[in-house]
Amino acid sequence: MALSDFLLMRNELLLTLIAIIIVVAELAFSPQKQHKIVSMTLWLFFAITIAGFIPAAKGVLFGGMFHNSELTILMKNILNIAVLIVFIQSYSWIKKPENNYKIAEYFLLIVSTLIGMNFMISSGDFLMFYLGLELATIPVAALAAYDRYKNKSAEAGVKLILSSALSSAILLYGISMIYGSTGSIYFAEVVPRISSNPLQTLAFIFFFAGMAFKISLVPFHLWAADVYEGAPINITSYLSVVSKGAAVFIFTIILFTVFSPVMAMWKDVLYIISILTMTVGNLFALRQQNMKRFLAFSSIAQAGFILLGIIDGSQFGMTSVIYFVLIYVFSNLGAFGVVAAISNVTGKETMSDYNGFYRTNPKLSLVMMLSLFSLAGIPPVAGFFGKFFLFASAAHQGYYWLVFIAVLNATISLYYYLMPVKAMFINKSDSPIVFFRSDGMTRLGLLICVAGMVVVGFASAIYEYIRMLSFGG
Amino acid sequence: MNVLNLFILIPVLTMISIILAKEIRYVRVIAAIGMGCQLVLAAVLIFTYLAIRRAGNTDEMVLTQTLNWFPSLNITYAIGVDGISVAMIGLTSIVIFAGIFASWEVSDLTKEFFVSLILLSTGVFGFFISLDLFTMFLFYEVAVIPMYLLIGIWGSGPKEYSAMKLTIMLMGGSALLLVGILGIYFYSASDGGPLTFNILQIAKVHIPLVVQKFFFPFTFIGFGVLGALFPLHTWSPDGHASAPTAVSMLHAGVLMKLGGYGCFRIAMFLLPEAAHEMAWIFIILTATSVVYGAFGAIMQKDLKYINAYSSVSHCGLVLFALLMMNKTAMDGAIIQMISHGIMTALFFALIGMIYGRTHTRYIDEMGGLMKIIPFLAVCYVIGGLASLGLPGFSGFVAEMTIFVGAFQHADTFHRIVTIVVCSSIVITAVYILRVIGILLLGPIKNNNFLSFKDATWFEKISTVTLIAGITGIGLAPLWLSNMISGSLSHIIERLTM
Amino acid sequence: MLNYGIPLQYFLIVATIMFFVGVYGFLTRKNLITILMSIELMLNSVNINFVAFNKYLYPDKLQGHFFALIVVAVAAAEAAVAIAIIINIYRRFSNINVEEVNEMKY
Amino acid sequence: MIDFSYTILIPLIPFFMFVFLGLAGWKFKPMVSGILGTTGLFVAALLSYYTAFEYFFHTEKILGAYQKLTGFNTVWLQLTDKLHIDLGVLLDPISVMMLVVITTVSFMVHLYSLGYMKGDTGFVRFYSFLSLFSFSMLGLVVATNIFQMYIFWELVGVSSYLLISYYYDKPTAVAAGKKAFIVTRFADLGFLIGILLLSWLTGTFDFKTLTGAHSPVITQGAGVAFMGLSLMTWSLILVFIGGAGKSAMFPLHIWLPDAMEGPTPVSALIHAATMVVAGVYMVARLFPIYFMAPGAGAGLEVVAYVGAFTSLFAAVIACTQFDIKRVLAYSTMSQIGYMMLALGVSGYGGHEGLGFMASMFHLFTHAMFKALLFLGAGAIIHAVHSNVMQDMGGLRKYLPITHITFLIACLTIAGVPPFSAFWSKDEILAAAFHHNKLLFLVEYIVAGLTAFYMFRLYFNVFWGKEKQYHHTPHEAPFTMTIPLMILAVASIFTGFIPFSKLVTSDGVAFASETEMMIAIPSVVIGLLGIGIAWLLYKKESSLPDRIAAGLGGFHKWAYNKFYFDEIYLFVTKKLIFARISRPIAWFDRHIVDGSMNGIAWVTTTTSEKIKGLQSGQLQQYGFVFISGAIILALVFGYLLIF
Amino acid sequence: MESNKLMFILFGAMIIVFSILSVTSRRILRAAVYLLLVLISTSGLYFMLNYQFLAAVQLTLYAGGIVVLIIFSILLTSHINERMESIGWKKAAFSAISVIIGIILCCTTILQFRFNASTIAAKEINMGVIGRELLGYSQNGYALPFEVISILLLAAMVAAIVVAKKEKAS
């Protein structure tokens, strides 16, 4: 292997490097100075995010186990940006004294899961895919249980690790059948041998169930709400954005490549699942009072919308999916960022606590409103564009009734996205959350989100760029 | 630069200036100046347009400009106007101008109020100048959503409920619309060309009838919800009742017109054959709307409800006339949109002003206002007379054009329905006179009312602007009618293809 | 020569039964640790699949073999984290009954 | 040819007066505004006289017929290629005659009101509305096309509304205005539909085209279409409904008596002399098509019978009323019934068009004497501050001028020669006699009734016992008495105008002579009516009451106007409001809106119901997960085959 | 041949029986022991298939490592003689139905599918081959997974620590 081969893996390698630096730093810094790791990691990660944009060659490594292309780089960059925002947003939270002794672990675990995701996205065979998936999941369970002294956090941890183990077992069973029926674990070799016989269908469904778990599609979503609610907010936002985003990426890629011979079948599967997901996600979101749980169900419903793009199975569909995920990163992180900011200062997470919030904290409220509008798909923020293209993708295949159901669901979703807006702007409160000044990092994080939400929509160049890189199944 | 861009640019700049304004009292001045510019600009546009037409330009759209936006999907920022959109822009600028003055005294969160209001108008302006389905849809949603906050924050009564209902129903409508738009887009290549969102290009394409029939209901009902199509009008009474003055004005005056405009500019123009085949269903619905809305208004006790039902009736007439699909009726429909827009804005402005004094909107609790606040009362009477279609006001022009046009239809069904619809002029008279009788005339019911002051200067500006609009069109309708019907010929041509 | 007189399907059926017995355990056991044990059963059964396929059908490569190997390692990692979390649960809830770990619902 | 384009000024002057007084009138002293308005009308009246003079005596006749001249015309609104609404001035004998009538009476009323309305708070408003009315009425009569007529038709309606509701703090006045507007509006609906039908059939609004004697359009829509009548006939009947509403024909008459709530000069101008005859004018305007359209004869029959019935009906009621303005109102209805009847029985061209001529003639004379009656009544009311006969008596001493002029008017209406109405009524009776004996009989009886109720009124007010007055009644100021005198003179002498030379159905003059066969009996029955009234009411006696009691139910019935108000009230309040409107309002709130809310309710309820799915139990999650996967595998592996 | 069959029947039966016992036994420690037996039987199968290395790994890592870990944690969290409460019949029934359907579904599907028995010569398996492949970086080399799993193990270690470790005095 030449040096240039390593350059193909630069993102993974750099992340590993960071992981090592963090480990070393933890050992090197005295307990009182552990918090320095925070800024250090931030800067390092910032550097990596920037480095991600350096053009890289296309290539295949390890006999096909590792693929690198502009598309995967794009996906990784999106994830990097998301993680960077998460890091920025968790700045003030992680610096709290009660977290002081586990700062390094926090970053290390997130970075290692990110490594997992990167490998997963770049994987060229089921083994790497599986490994990446596990690497992206197992440490997150620990992160969910990060607040060890909170029952809910512990509960979130156990629910996540056990359900993910179940799902990965099912997924593995599916993979084993695929291996058995095709004789290879390499994607490239599997493709020509895939057809829609019952065994492979069964294998696909089991595989799909495992993936659906990660993306939190109904009926494989039940863990999500509880875990999202119990985990510390920044972990929740990481889970709902980065984890889900990465899973969506690889899911799309695998469907479009490996399972392209049975596209007709998986389109039907997705048809049903997307309707279920949107509807159930929405119906549950309607009633939520806890903001995190609320956003959890909202992100379940969003996953249903994402399927509309995947179902297209063409270049257009993939473009829409990636574009939407990019927008979703900003929107969801914006919303979570505000929830986190409020929670960090006041510890309040219930919707009724937000009553009258605009009158005391107008800026945060506006960010929240924009984020929610973006999630709901209301112009002029980017969510509108994202949703529109997703709907267009499904329509592209002639699934007009699906689009119809989806837009009706979008309308329902608008209802609950307006609930926090109503709380903040319309409802009056005797004891509103008092004015507070969030720290610079929080504001920076939110600023990036807002900028992202505004720019990504109108800047069609981004869309066109993604389209150039996307491919159809 | 294309003058049309200014219609978006000015509101945006106004919004920015408002946000940057240091003191609250500057806010409304800035808003007034901005929207004043908009009004002047609209006048300029009308003259420009007429000059262009006089110069012999017979293009379907003039002042066009196209910028590629999402090239791979052929989404463009395409703008352009014909006589109809020019007229609608004129309407919008009048109403928003009056609206600013009608909300001069908003004291709670003033900045936010004006920003939302102007954002709404931006959406409306954008909608009317767009030639691209995508941007049109975008502006449409921009116009609808500030409504939620405007009603929710500054409204009265069960405002949260109404705001939510209105938003959800309108967004439900736009959900249908979205399906329609996507359908049109993906079949815009039926003749082998590229997929396109551009209305003018789609209009050249022949979309298969089966497809048209599938998407026409989506599109038409989608816009119809906003145009208060029976039975999807119920957001309107609640929404209007709870909305603050300027919002009711803009909503009933302008936003509901988006529905009518969209119905023919998109649903009927782009799907003409389906429009022909399916019109009868909607004709029955709209005719029901007209009569039903009017009857509904008779027994209401709340001023805003009366006006809301009256809007249902009048907007039903708009859609009804559009569905008649001949030049005269459609011409009437457009005039009716403008006429009703100004008229109902006037009503809502006055209701707001009266409410601001009496703090009630129940007509039973008021009486004899003519003696106390003669200026407003007279304006109300004028509005009422315009509403019941008195000659000399715009309502008459519109209604008569519609009736005559609709009656020219060769089909007996259409003529019979027209006669049914005509009966609304009597019912309208009943509820208008009932209100005037109870509210303004008769003895003074409540002695506390004696202390009221008549209209302030800004209220006068607001109402006089609107009345000028009503009577202007009412007395000299020919130029407007010609401007509109000139542009209609392209549409009629396609509809009768 | 290769089938040792036993059809491949037998292996697969044994593995499948084992897998679903594991599932049954996951669905019914109350103790979190026993649930974890059920998961181990499932993973183990998948390994039998991989190995059997490898041996019977594609003996020229060792893909299934290595897959199984990696799965074992992953299972170990998973078990480690899971047990850590379960112990944490024990500290918080003073028991590890899965039915009582339901503070969050609806 | 004489250029008549200046005639546009006749309606425009009042219009500018209206706008000017409406916007700026409150800046002057009230009297200044009043005088301004009056002056405007005076100028308009002079212009009208000039126009009449020029038209009747200086224009060229073609084949001896007065032509329809267009003084001014402009396209106001282009509707279709063929149909356009024009605004303009059409001059022909009837419109010119109407110009004279309207401006004259209007000027009189303006003048009269300077005194009558003096000191009223809404003085300026009153004058601006009067100007508005004059403008509208003038616009109506000079309409070049049926749509212009409709436009001004609506405008007179609204001016009438505004003036009836003039005392707007009086609930009865407000209600009366509303009633007047809505009833006429309802009738206008018929008019509008009639116009639509007519224009659809003929492709034109234009009167010249529509009523040209040999116009091809007349034969359009001849086929029997609906209920045995042709479409054309239906359209004409519908148009007539509009006219019937405005002219208070049975059964759309109910608004007129109530309209007396308005100031008396208004009653004189609008509800006696001008607006209420608009229906007659309209039928006259469309007379050729009524007469000539194939199968349209039925339309004229309707006109005739409605007219006849109304005249009898109203006359009977008038005999029982005590409010002097109401008596006059019913009298007006009765007289308009005459005019309608005359049109209904008329033929076309030359002597055949006697009814037409008579109708117009009577319209003219009626305008004069009825305006006089109302203004006289106004003077009486002005003096005693009451409308009711029982409060009056012996007023002849206090109000000499009023008394004399009122007496002249009463004699006129009673058809006593040589007062004007004798001539016109005589022509009508003659026309009816030649056409239909039954109708003639009815009208003959009505003539007697008319004389009776008018003199009942006269004797009750000016003779009989003096009542206790709050202050001594005094004669009205000269601004009021001058119009009375002028109109009295007009009432006496207008009968001598040779109408058959000027205003005829086809514009061609013909010779008409008084038919003694008819004239003498009609005078006799008139005198008989007067005589009975003299017997009954000259002195206060209980005789009338006894007669009333003798008539029993019938009197009560008539006294209560045959309960028509109650029927209308029932239809509107009980049927339309309670059975249609209220249910619709309810339906909208509860069913339509309810179903929208229902959708929301279903959504939230479903949301509540399925919350058990998310039970917080890890194993349930697992169960759903596994079952989901198995079901999907079953469905896609076996049930759906690809 | 016969011995092979016999061994398979033995191991297969052991696997099935012990797994069922393992998920039904109400004594938790016994359940762990049954699990251990299942794992050992599985390694027996591997031996039978000539995958000695894997079998060894299975024994050491799985049986030796994981089960011991589990037993430790059982000791930490439960009393040895504690009998678990019986499970509700509803839950058991539903789960059983679902599981049985799953088994039937999977088995029929597997039995339907025609696996093409390989005719290619089996690859010689010895430690050398395994070692080379494990560190190979071309096709069918597993260096990358091998490295990644080390990250995974590191992460899992840290994860376990972060959840379990006590707060330092601060």
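Order of writing sets the chain letters: A, B, C, D and E. Residues in each chain are counted from 1.
Here is the rule we use: contacts are C-beta pairs under 8 Å (C-beta built on N, C-alpha and C of every residue); 3 or more make two chains touch, one makes a residue touch a chain.
This structure is a prediction, so every number in the text was calculated from the model and none was measured.
Common neighbours of chain A and chain B under the contact rule above are D. Averaging C-alpha coordinates per chain and comparing to chain D, the farthest chain turns out to be E. Comparing chain C-alpha centroids with the centroid of the full set of protein C-alpha atoms picks out B as the closest. Contact count check for D-E and C-E (C-beta pairs in contact): higher for C-E. Distance between chain B and chain D, defined via averaged C-alpha coordinates, is recorded as 36 Å. Mean C-alpha positions place chain A and chain D at a centre distance of 77 Å.
Averaging C-alpha coordinates per chain places the centre of chain B 70 Å away from that of chain E.
In this assembly, the C-alpha centroid of chain B lies 65 Å from the C-alpha centroid of chain C.
Along chain A, residues 127, 131, 134, 138-139, 141-142, 145, 148, 157-159, 162, 166, 170, 177, 180, 198, 202, 225-226, 287 each make contact with two or more other chains. Within chain D, residues 611, 614, 616, 618-619, 622-623, 626-627, 633, 637 each touch two or more of the remaining chains. The set of chain C residues touching two or more other chains comprises 12, 19, 22-23, 26-28, 35-36, 57-58, 63, 66, 70, 74, 77-78, 81, 84-86, 88, 101-106.
Of all possible chain pairings, those that touch are A-B, A-C, A-D, A-E, B-D, C-D, C-E, D-E. For chain C in complex with chain E, the touching residues are 2-6, 8-14, 16-25, 27-31, 33-34, 36-38, 40-41, 44, 47-48, 51-52, 55-63, 65-66, 68-70, 72-81, 83-88, 90, 95-96.
Residues 23, 26-28, 35, 98-99, 101-106 of chain C are the ones touching chain D in the complex. For chain A in complex with chain B, the residues that touch the partner chain are 316, 319, 373, 378-380, 384, 388-389, 391-392, 395-396, 398, 400, 403-404, 407-408, 410-411, 414-415, 418, 421-422, 425-427, 460, 463-464, 467. Interface residues of chain E, counted against chain C in their complex, comprise 1-2, 4-5, 8, 12, 15-16, 19-20, 22-23, 28, 31-32, 35, 38-39, 42, 45-46, 48-51, 54, 57-58, 61-62, 65-66, 69-70, 73-74, 76-78, 84-85, 87, 91-92, 94-96, 98-100, 102-103, 106-107, 110-111, 115-118, 120-123, 125, 129-130, 133-134, 140, 142, 145, 149, 152-153, 155-157, 159-161, 163-164.
Interface of chain A with chain E (complex): residues 1, 16, 19, 31, 61-66, 97-98, 100-102, 105-106, 108-109, 112-113, 115-116, 119, 127-128, 131-132, 134-135, 138-139, 141-143, 145-146, 148, 157, 177, 180-181, 186, 197-199, 202.
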